[in-house]
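Structure, as structure tokens:
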Amino acid sequence: MNYTRQEMMAIAAGREIYAGEMAIFGVGLSMLAGHFAKRNHAFGIKDLTEGGVYGATPVGGLPWGIEDNRISANATSFTHCIDALGMMVASGRCDVGIIGAAQIDKYGNVNTTGLWEEPANPAYLPPKTRLSGSGGAPEITCSCKRYIIMAAHEKKRFVEKVDYISSPGYLSGGDARARYNFHGGGPALIVTTLGIMRPEPVTNEFILTGYYHSSSIEEIKENTGWDLKVAPDVQLVPEPSPRELENLRAVDQTGMLRKKG
Amino acid sequence: MPNKLLSMQEAVAQYTWDGMQYAHGASLSVGPDSVAFGREMVRQGRKNLHVMSHCCGQQLNLLCAAGAVDRVETAFSGLEVYGFPYGLRRAVESGRTIVEDYSNLNFSLRLLAGAMNWPFCPAVSGYGSDQEWRSAFSPEEYPCDKKIPEVMDPFTGKTCHVLSPLKPDVAAIHVTMADPDGNAIMLGTEWNRYELSRAAKKVVLQADLIVDTACMRQYPNLVRIPDVVVDAVVYWPLGVWPQCSTGLYDSDEEHMYYMNNAMKTPEGFDEYKQKYIDSYHTIDEYLAVIGKGKINKLQDTATWHLMDPYRKWIMSSEEIVKLMDGR
Amino acid sequence: MPNKLLSMQEAVAQYTWDGMQYAHGASLSVGPDSVAFGREMVRQGRKNLHVMSHCCGQQLNLLCAAGAVDRVETAFSGLEVYGFPYGLRRAVESGRTIVEDYSNLNFSLRLLAGAMNWPFCPAVSGYGSDQEWRSAFSPEEYPCDKKIPEVMDPFTGKTCHVLSPLKPDVAAIHVTMADPDGNAIMLGTEWNRYELSRAAKKVVLQADLIVDTACMRQYPNLVRIPDVVVDAVVYWPLGVWPQCSTGLYDSDEEHMYYMNNAMKTPEGFDEYKQKYIDSYHTIDEYLAVIGKGKINKLQDTATWHLMDPYRKWIMSSEEIVKLMDGR
Amino acid sequence: MNYTRQEMMAIAAGREIYAGEMAIFGVGLSMLAGHFAKRNHAFGIKDLTEGGVYGATPVGGLPWGIEDNRISANATSFTHCIDALGMMVASGRCDVGIIGAAQIDKYGNVNTTGLWEEPANPAYLPPKTRLSGSGGAPEITCSCKRYIIMAAHEKKRFVEKVDYISSPGYLSGGDARARYNFHGGGPALIVTTLGIMRPEPVTNEFILTGYYHSSSIEEIKENTGWDLKVAPDVQLVPEPSPRELENLRAVDQTGMLRKKG
């Protein structure tokens, strides 16, 4: 079958969203994965955006932003940030979220704030590279019952320790997260262009649990910046079914996921 | 009561100054921000700004590229699918502009605390990370105990993190429609424009359309910004361009990239300023700069029907000019 | 997805129980409360309720007169110009029902804290008085340090009073219009129905009208209660009677006084129950009890025009019945 | 001139509202006084109700409630309690408010919660008489820059010490109020059916500063439950002008203030 690695990733992430759940998607990849799920199998999901766009299905392809007109054309409710990110997400009410990441470490901490020359320096210096800032990902990572991280699998992104924790995962691992009274349980899985990682019980270190027909365990280890452990029951992730691909492409009208990969 | 209509030039001259705390946006990155107001600030040469920008892309990008910004407080400074803002990057990476980061919700809650005049606002997310421990405004303090400190919840004995309030000097807020008194309707998500309109000491509205007050009396539940909190109203159609205004026009894909690329270098900024800021003075000139064909294309939006109920109250340019002269 | 329409009898049977924390109102005293839902609770004999009632007059009056209420949390329990609620007075003055008082804002902020899942909410008013020092729920403690305790504001070192959250088991909220999925529009002030719809664990809407979802898609900014927070929708026209529903009907002056006077004595309550609760089962019977002439008079309201934009989406009784049967 | 004591009171209170101010009025008397002022002289006031009814003028007479249809028919904005009582009033933004009172003491503390047999008992017992509860008056009294209290002048209402402080005035007098970080300055005056009282500097005890043509200093003292001091510069309050009465009656269409008196 002919599909890109981005398409495989979006479908793999979408498969983790279940019918009836309350779900929040960010812009870009995560919105495509979420709306693929909504169309394909997660019927009756209660999906919303950070800005409080409720009940909408994108028209004309991937929205340019999470309140873009492509996602605003058929909404049933428009509210606001404190409503959606506060009362629905931070409150602990939301079942599942999907976020992206510029940098991820082995405990699922995410950096979307900046890259530093000397990340070990505790003092705050101007970043070598300014990223976009955390956005609403901290609400999703602190408070969604579970969440999915999606990222292109590159060695420079998957690092031992992120330069800056924008959105907390399992922090220093183990039960480090427990000292905060977060309403959410932490990252459930990381879905990449090459495979799927899930946290090992007790340590909460992410380990490889799935690879694709288009990748290999070796390729994934080579492209990961920490010494990635492989789960004893690591599995080959099923390829997209024709119906899945059809539904994904109906959402990804502008072909964003087919551009590279 | 005189109406509150002001020209863009007057509004910027009267309500902005060097060194001020200026808030804009309170909408999403490629959404309804007061971009035209920001262009006029650049033209009038404002500098040393402390900008509260959540989470608006191109205006902050432009102000940073102009070297006008000392400090930014934000939660998201990207351009969503359009990528990273190069003007901001250049300013931040060079150390010219420093950025204090919070999460999206926590930025909104800081505005809520400002609007309520609370000493602080509780947070249940957006800490336990470097957002709590590191502060760009207090770089030498690590962990920075003052950025998102803890108090003891007297009901349970557990700790609770709290946020400091934001009370900007002036907010320039984009709305879809305003009446001449400053009652305003926003179509699309509010993001946190509602909270900002109550947190700021002064509020200037930038409106795509001016409508008769009869529209507000038909739809009072839509008027989330009432005249009592508004100081001035600027009529500026297509004022969000190249970003989108729900119900009216889409974002301008081509110009979004073009503008952002221009911000990469001082030369690019200068050229952009000459072509897209200094090149117009009136609304008609501004619209000519965008171009009629482009405007028609942008107005071919899937949200166009959302404006249908309100069209009959839209005031013409002539009526608006008459109201401004008549005071 | 099946729609969420339920009959009044089913909704009360399914979503209320003895001893529960029940919230209603979140509107103003003579305004849009779920009064018909309260009548059905009386008919079904609910008791030992902990009622969060802000600040709705006649429903609380009725439930108290029925002896169904152990505890009330409120901020205002009067009937505004219609005077004091005699059923509540009788219950409170006899010691049958105890009332914990907060200020109007602080009651709303407790709902906000519940909606946000905050451990507490800051307050800048409504303390420094017996509302802070005396507690009906903890009568032996004086001053009651737990009711509105203080924390230290870490930013200034000053003290700040904080409020406990409210998270009722179920809220019955009146809305002007709902669609079959539970998207809802309220005309008139929201008071704190918005916050209540997020603070309650379950939400039942009582709607004067059922409209097609196309109405919500035309006016998404008016849909302040989206379907995702709603569990059931009950269609019950004139359901606020004898109070008023903005855009639809005025309060019934005559019945407001009559009903309140009836609540003065157990006999009066029994007679009222027989005449105005046990006397109907269907919507048609309920409307007949009010009377056609009276209904016409109440609908002659100065706010009638506020409903104009939405009339074309109103569903008929037949269409609603078909939707309920069709599941 | 023919007018009632209620009308005199409403006009006397209305005269204390000035053009351009942000003002909040409750239901009943205070709404009539406020809208009289708005019509008569306080042009351009920004008036609102507790529930966030903005820009409205009552039609058809006194509204039955503060969100009644009579005040909702021509509003320019409808918001909600946290907006109006919170962001406009509790925040300290509102210039002036008018409240009513069931019981008032010499320091301007107001009781609208209940009457007790033994008010001195610190324990909380069921009240002998349940009143309506404080409503939004605590926000007005804690946070408006200044406020006006209106009440029928009867000995049982004007007491040495209220049974329960629902809405704080000057508490135990002097600077007792200062220990709370209230945004508002305290009660500016009490307007009654018989006269006007204002706080004495330093002690903040309310003293008589004005009486009406229809009352006398003696009558006022007799109808006050504490030993009411009379200001050295006590004044006869000017009678309603024909224009004032005309404007008041245009607001009080249903003649609520003419019913007794």
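We call the chains A, B, C and D, going by the order they appear; numbering starts again at 1 in every chain.
Criterion: a residue touches a chain if its C-beta (ideal position, glycine included) is under 8 Å from a C-beta of that chain, and two chains touch if they have at least 3 such contacts.
Values in this document were obtained by computation on a predicted structure and should not be read as measured data.
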item: Touching subunit A and also subunit B, the following chains; value: C
item: Maximum centroid distance from subunit A, chain identifier (CA atoms); value: D
item: Comparison of C-D and A-C by number of C-beta pairs in contact, larger one; value: C-D
item: Averaged-CA centre spacing for the pair subunit D and subunit C, given as whole angstrom; value: 28
item: Between subunit D and subunit B, distance of the C-alpha-averaged centres to the nearest whole Å; value: 40
item: Averaged-CA centre spacing for the pair subunit D and subunit A, given as whole angstrom; value: 56
item: Where subunit C touches two or more other chains, by residue; value: 116-117, 124, 158, 160, 187-188, 190, 220-221, 306
item: Residues within subunit A bordering two or more other chains; value: 72, 78-79, 82, 86, 90-92, 183
item: Graph class of chain-chain contacts, one of line, ring, star, complete, other; value: other
item: Listing of all chain pairs that touch each other, if any do; value: A-B, A-C, B-C, B-D, C-D
item: Footprint of subunit A on subunit C - complex, ascending; value: 1, 115-117, 179, 181, 183, 198, 213, 216-217, 220-221, 223-228
item: In the complex with subunit B, residue positions of subunit D that touch it; value: 22, 43-44, 46, 48, 54-55, 72, 74-79, 82-83, 86-88, 90-93, 183
item: Subunit C-facing residues of subunit B, complex; value: 113, 116-122, 124, 146, 149-156, 158, 160, 162, 164, 185-188, 190, 218-222, 305-306, 308-309
item: Residues of subunit C touching subunit D in the complex; value: 27-31, 55, 74-78, 80-82, 84, 88-89, 92-95, 98-99, 101-106, 108-109, 112, 123-131, 134-136, 138-140, 142, 158-160, 187-195, 244, 246, 250-251, 253, 256, 301-303, 306
item: Complex contact set, residues of subunit D against subunit C; value: 27-28, 49-53, 59-60, 62-70, 72-73, 78-82, 84-86, 89-92, 109, 113-114, 122-139, 142-143, 164-168, 171, 177, 179-183
